[in-house]
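Order of writing sets the labels: A, B and C. Residues in every chain begin at 1.
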Amino acid sequence: MGTRLGQLVERLGGQLVGDPNLEVTGIAPLADAGVSDISFLSNSKLRAQAGASGAAAMIVSPLDDAFVAETYRGARIVSNNPYVYFARAAQFFAALDEVAPAPGIDPSASVAANARVDPSAHVGAHVTIEDGAVIGAGAVIDAGCFIGRGAVIGELTHLFANATFHARCQIGKRGIIHSGAVIGTDGFGFANEGGVYIKIPQTGRVMIGDDVDIGANTCIDRGALADTIIEDGVKLDNQIQIGHNCRIGAHTAMAGCVGVAGSATIGKYCTFGGAAMVLGHLTIADKVHISSGSMVSRSILEPGQYTGFYPLAKNAEWEKTAAIVRNLAAMREKIRALEKTIKTLTEPTKPTEKI
Amino acid sequence: MGTRLGQLVERLGGQLVGDPNLEVTGIAPLADAGVSDISFLSNSKLRAQAGASGAAAMIVSPLDDAFVAETYRGARIVSNNPYVYFARAAQFFAALDEVAPAPGIDPSASVAANARVDPSAHVGAHVTIEDGAVIGAGAVIDAGCFIGRGAVIGELTHLFANATFHARCQIGKRGIIHSGAVIGTDGFGFANEGGVYIKIPQTGRVMIGDDVDIGANTCIDRGALADTIIEDGVKLDNQIQIGHNCRIGAHTAMAGCVGVAGSATIGKYCTFGGAAMVLGHLTIADKVHISSGSMVSRSILEPGQYTGFYPLAKNAEWEKTAAIVRNLAAMREKIRALEKTIKTLTEPTKPTEKI
Amino acid sequence: MGTRLGQLVERLGGQLVGDPNLEVTGIAPLADAGVSDISFLSNSKLRAQAGASGAAAMIVSPLDDAFVAETYRGARIVSNNPYVYFARAAQFFAALDEVAPAPGIDPSASVAANARVDPSAHVGAHVTIEDGAVIGAGAVIDAGCFIGRGAVIGELTHLFANATFHARCQIGKRGIIHSGAVIGTDGFGFANEGGVYIKIPQTGRVMIGDDVDIGANTCIDRGALADTIIEDGVKLDNQIQIGHNCRIGAHTAMAGCVGVAGSATIGKYCTFGGAAMVLGHLTIADKVHISSGSMVSRSILEPGQYTGFYPLAKNAEWEKTAAIVRNLAAMREKIRALEKTIKTLTEPTKPTEKI
């Protein structure tokens, strides 16, 4: 299956330079693309490679188009953001290959009598849907998922196999929850009485907006009393932990293994590199970017890129420098002593000593 | 649903100052509490806010009571530890709302003929319980859980949906295992023969005490030959990894994303901040507190708070200081050279040179 | 159940010194072994303890044999690598105890009509196997697992309960996938258009070689366009995250909580300590060893041991040294100033100043 270039441009926009009847069947990187593929040039530094590409057509920016046109013989689709165009074209081709899950409820699923499952939704094998849960139009609940009492799954949202979505939590439209993710588990809240922990019931919910993606084996805790909030367009990768009562601002993205402790408030349009950690009760402004492996131990009120990880070294060097790091206070003392001595040496002799 | 204040105090203790017939239906923080809520003052610094709270009743300590009584018009429950009282009151209200799962086995569950499930236990949809497993009185095994051969689940212990509890492992009374947790998976044990790994069978168990909570997607490895031990009252948050043959002492708590390598022995009443990591074969004393994001690379034999993470900075500053960290040995050499030079400058000239 | 020593040596090799008819039923460490156990001496430093062991037989290296023979009265099995011999013997004893899962498909499983399940394979309760999937001879698919469309599970590979193996991915022979692992979830790929993320479909696969072990709750992303590759003999512990389009070289081992960002290429025979992190698009040579808790932020082209984590300290000391780390640039300036001053003091006075 494939499409003609003219049809693609009609659907996705861009200016076609070439034969609209040319058939293309997929999308591939510059070096790998074959005669029935589209490719894309999203980085001007690579434009010298475009000429050598075997792609039938190339998505290029207006800035690169003249350069590419000189060496590249295939068709061109000129678009202001070739990488976004690539994403949309890839979605188009993927949809052609996709087997749409059939509407209806698999006979092996356990669906409570008073749950409301839209007739256009798909509910797979061994799914459990409890009392009062609502599954929206076109939603897909794959095999082995659990949907708790009163939970709400929005239109066109897709839960992959073995995801768990607990009672009373909600997710909006066009969301994706990947396998093994757990939404709405209890937050980690205890009162301590003489060393023994007394559980504080976690009665809040997780409220998730539209167009949110949640990665495999990621956990989001329900709020203690109030709710945990994930705003529209947030993208969470795999193995992430979001504590109770956090708020993650719209269009913020977090890479794998990030941890956010409870009651952190994170702004919009932020990015978090893999394994970044955020302590509890902090506030992070909009457009803050945290590098991978960095520990955020204080609130950040200004946009910008922040980093904090120990630089890697050969182990022998690390052992040496780590020992010095441990003794930095002593090093500082030595410098202070040197400064004092030198001050004595360079100061003009005092009058009283002259006598 | 709710309760009268008199009934609450009868059940939970504390001294009531106010109308015992006042109806309350829930519990909320100072600022959010409404006319049918109880609130609590667990931090004396906030006592000025108590007067403005709309709560029907307030839990206060004896120390704060006189101060609060001056401005706050509602009823007061005086208790030595208001936060613990709050936890117990919250448990009371949560129990009123809770839908108790019906005793019995869901028809879709697969329960081995010789497994012993107490008639008062609940076994949900699509659960698998293998040969010889024992499910105690009042235990709740939610949908999609797996209980392996010969495993033992104690009285009133609750496994949330899609938890996995492997063969021969045991958990005591009143425990909680959250969704996606995996108890008793194989430890990571191999012998290396010419670069190729030969698996060492993991034949020990995981033995878990009473009142233990285990978070979502947390893993606890079974022992290699002996057992992995989790003592009474331990609280583990989500996404934690506990290696084989570890022992975690009673009433120790670990926040999300902590990792403990194999054969570590951790004392009682310890706390581990999120993403703290503990190397294998270490011993950690009782009452040790490890800060978030810290790597424990040696045994700790004295109680106290320990920390080790790289401080966060704006990326440009981090790049500068990280480069200096890498060259700390050179910096130390410079200081030594300076010390030497200054020693020469300040030493009295030697007699032989006088001639 | 057990075996006679003669039978064991016949099967596993080594030179027996002692009675071949002696019955042994298990294997245990030096200190714990009883009269029907084998033990092993894999570390010469412990050889003085061998004499006190109650084990019926001891696996020793040729180097330690003479020493052990002087004090230890039991039988000896002399082998060049006692730890590997121990692993193989432990496998032998574990197999005696193991209940082999019966071939065939549990009636509660949902298996697509055109999936091919070898008659010798075991498919447990509540398993879902989708269209066109292939389950090899002797494979074991435990309860609650999901196998997506067109996936291939090789001969003798074992998926533990509640593992998820997505469409079109493949694993070879004798593999192990532990509970909660998710293979072939979407990679984290987006194009950004004015702050909003556009999903890039992830259409590659995860291709896994023979003899690969994958830990509980570990995730491996499918490739974006090309495949994610896990070569033969790789061993991954629990809670690991492998990003899309990574390649992990043969016989590389990673401990728990490791994260590898997308498109990293990792060599053969590497080891990664727990919670080590690798940024995307890096290349790591063969035989590189990364210490626990270390962030790999650049490619590593030479074998060796590399480390990068902040050394642990008492919290009060950490606060002091972390403050100095933040100000290392200022400290460097002070040293430069001192060097300058001292240079002035020690330089011979210039002629022009003499006048």
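Heads up, the rule we're going with is that contacts are C-beta pairs under 8 Å (C-beta built on N, C-alpha and C of every residue); 3 or more make two chains touch, one makes a residue touch a chain.
Quick caveat, the model's predicted, so the values are computed rather than measured.
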{"item": "For chain A placed onto chain B, the superposition rotation in degrees, Cα atoms, nearest 5", "value": "120"}
{"item": "Interface numbering overlap (same over half, different under half) for chain B and chain C", "value": "different"}
{"item": "Chain centre separation in whole Å, for chain C relative to chain B (CA means)", "value": "26"}
{"item": "Sites on chain B at which at least two other chains make contact", "value": "108, 126, 144, 162, 180, 217, 239, 257, 275, 309-311, 313, 325, 331, 335, 338, 342, 345"}
{"item": "Residues on chain A engaged by chain B in the complex (per definition of touch)", "value": "108, 110, 126, 128, 131, 144, 146, 148-149, 162, 164, 166, 180, 182, 185-186, 188, 190-193, 195-201, 203, 217, 219, 221, 225-226, 239, 241, 243, 257, 259, 261, 275, 277, 279, 291, 294-298, 304-311, 313, 317, 320-321, 324-325, 331, 334-335, 338, 341-342, 345"}
{"item": "Complex interface listing, chain C residues touching chain B", "value": "27-29, 32, 81, 83-84, 86-88, 90-91, 93-94, 97, 99, 106, 108, 124-126, 142-144, 160-162, 176, 178-180, 213, 215-217, 233, 235, 237-239, 251, 253, 255-257, 269, 273-275, 292-293, 309-315, 318-319, 322-323, 325-326, 328-329, 331-332, 335, 338-339, 342, 345-346"}
